[in-house]
Amino acid sequence: MIKVLCFAHVAEELSVRSYTVPAPQTIASLRKGLSDRGVSGAERLMFAVNERYETDEYVVEAGDTVAVIPMVSGG
Amino acid sequence: MIKVLCFAHVAEELSVRSYTVPAPQTIASLRKGLSDRGVSGAERLMFAVNERYETDEYVVEAGDTVAVIPMVSGG
Amino acid sequence: MNWYQVNERPLEPMALYEAVRHRNVGAVVLFIGTVREMTGTKQTELLEYESYVPMAEKMLEQIAKEVDERWPGALTAIHHRIGRLDILEEAVVIATSSAHRADAYEANRYAIERIKEIVPIWKREHWTDGTKWIGDQKEQQPGRPEGVTLK
Amino acid sequence: MNWYQVNERPLEPMALYEAVRHRNVGAVVLFIGTVREMTGTKQTELLEYESYVPMAEKMLEQIAKEVDERWPGALTAIHHRIGRLDILEEAVVIATSSAHRADAYEANRYAIERIKEIVPIWKREHWTDGTKWIGDQKEQQPGRPEGVTLK
């Protein structure tokens, strides 16, 4: 399984802070899953695998933790 | 009389912190006086009259205080 | 003191200042971001920050490494606060130091811009007339953090 | 607290920080210039600063006015220390604040550059192999302070 962490507006729209999905999956497929579940602006979300940014073609394996990262707004 | 204040290398070269000269005088004439007394780099000195920068043509009157201002190096 | 820290504790700008000072530093620049009340006619009541903390702290450290590559020898310490912040409270402190002032200023500016690109921290504005999660105004390539080195 | 001050007392960066903060400030930048030991292979033992104090304080206030003209609403407080300073001691603190960070950074940088042009303060380096009054390296028009408005 892959653990997916949600933050900010994504966590609010899904009403969850984390969920799990079967492995392996590409980030593109995780993105599509979020879009299908109604997350707004899914095409602009960033993704980190084990705390490192990765792009759509990256294959997430079992045991990995994926963070869904909306546009950041620190500072 | 005009009171002339000296700082940094000018004070050291003249061995005085201040001196007086007759009024009126232009700043150009004060500059020449400093040059004649052996102050180095007199052509690059700046001058303030009553705490305000003035240029060579300015006429200093009796009772004014002139500061001789070498290139500044604060900060 | 941790040089790269994201948590709920009030920030202490002087602790970061002391961290980046040493005998061959001639210039220290501190940036302190505080919660502002008015933005145009909109009135902020408080800000709420959320973060993916372990990754955010790693990214702060990465920014310091990027600074050192661009301005060799420059030191960078960054603390970001999260949770609920009132008007006037400090949200972020960035301290940079260098032998010469130009590097310390440029490094500091670079650090805040990078925070707004790659550090997983989100701000929710609580205005008098509602709340909203804020996305940074920077133009970004969709789905990809600006300037991030991907393997 | 005086916002523009030149004297022999140790500097307190946080006092200037507190001075320029208020509810509609979002960004404060502090510049702290400290005494550095090594410059290339030259070793500094201490610095000695001298000033024409009343005029220097007026010029600091003038710089703050120039800042406000260029970055409306930005606040500037500046303290410069004089006398003998050891390695690591603070010689100057500049605090600038503004609603947005770009103004606070630019205003601060402007202030330090103007200090090096128009404020009557002189630095004498005491190296391990001698002493020298330092003239700023900036190119200046002979006998005229750069950018000073003359009537």
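When the chains are written out, they are named A, B, C and D in that same order, and each has its own residue count from 1.
Going forward, a residue touches a chain if its C-beta (ideal position, glycine included) is under 8 Å from a C-beta of that chain, and two chains touch if they have at least 3 such contacts.
Source: prediction; values computed, not measured.
With steps allowed only between chains in touch, the distance from subunit B over to subunit D comes to 1. Centre-to-centre separation between subunit B and subunit C, using Cα means, comes to 48 Å. If you average the Cα atoms of subunit A and of subunit B, the two centres end up 71 Å apart.
Remark: subunit A and subunit C have CA centroids separated by 24 Å (rounded to whole angstrom). Taken residue by residue, subunit D touches two or more other chains at 33, 101, 112, whereas all remaining positions touch fewer.
Residue numbers of subunit B whose C-beta contacts span two or more other chains: 75.
The complete set of chain-chain contacts reads A-C, B-D, C-D. Taken together, the subunit D residues at the contact with subunit C in this complex read 13-14, 17, 21-39, 87-88, 99, 101, 104-105, 108-109, 112.
Chain contact summary for the complex, subunit A toward subunit C: residues 5, 7-9, 12, 31, 41, 43-48, 51-56, 67, 69-75. Across the complex, subunit D meets subunit B through its residues 33, 49-52, 54-56, 58, 80, 91-92, 112, 115-124, 133-136, 140, 142-145, 148, 150.
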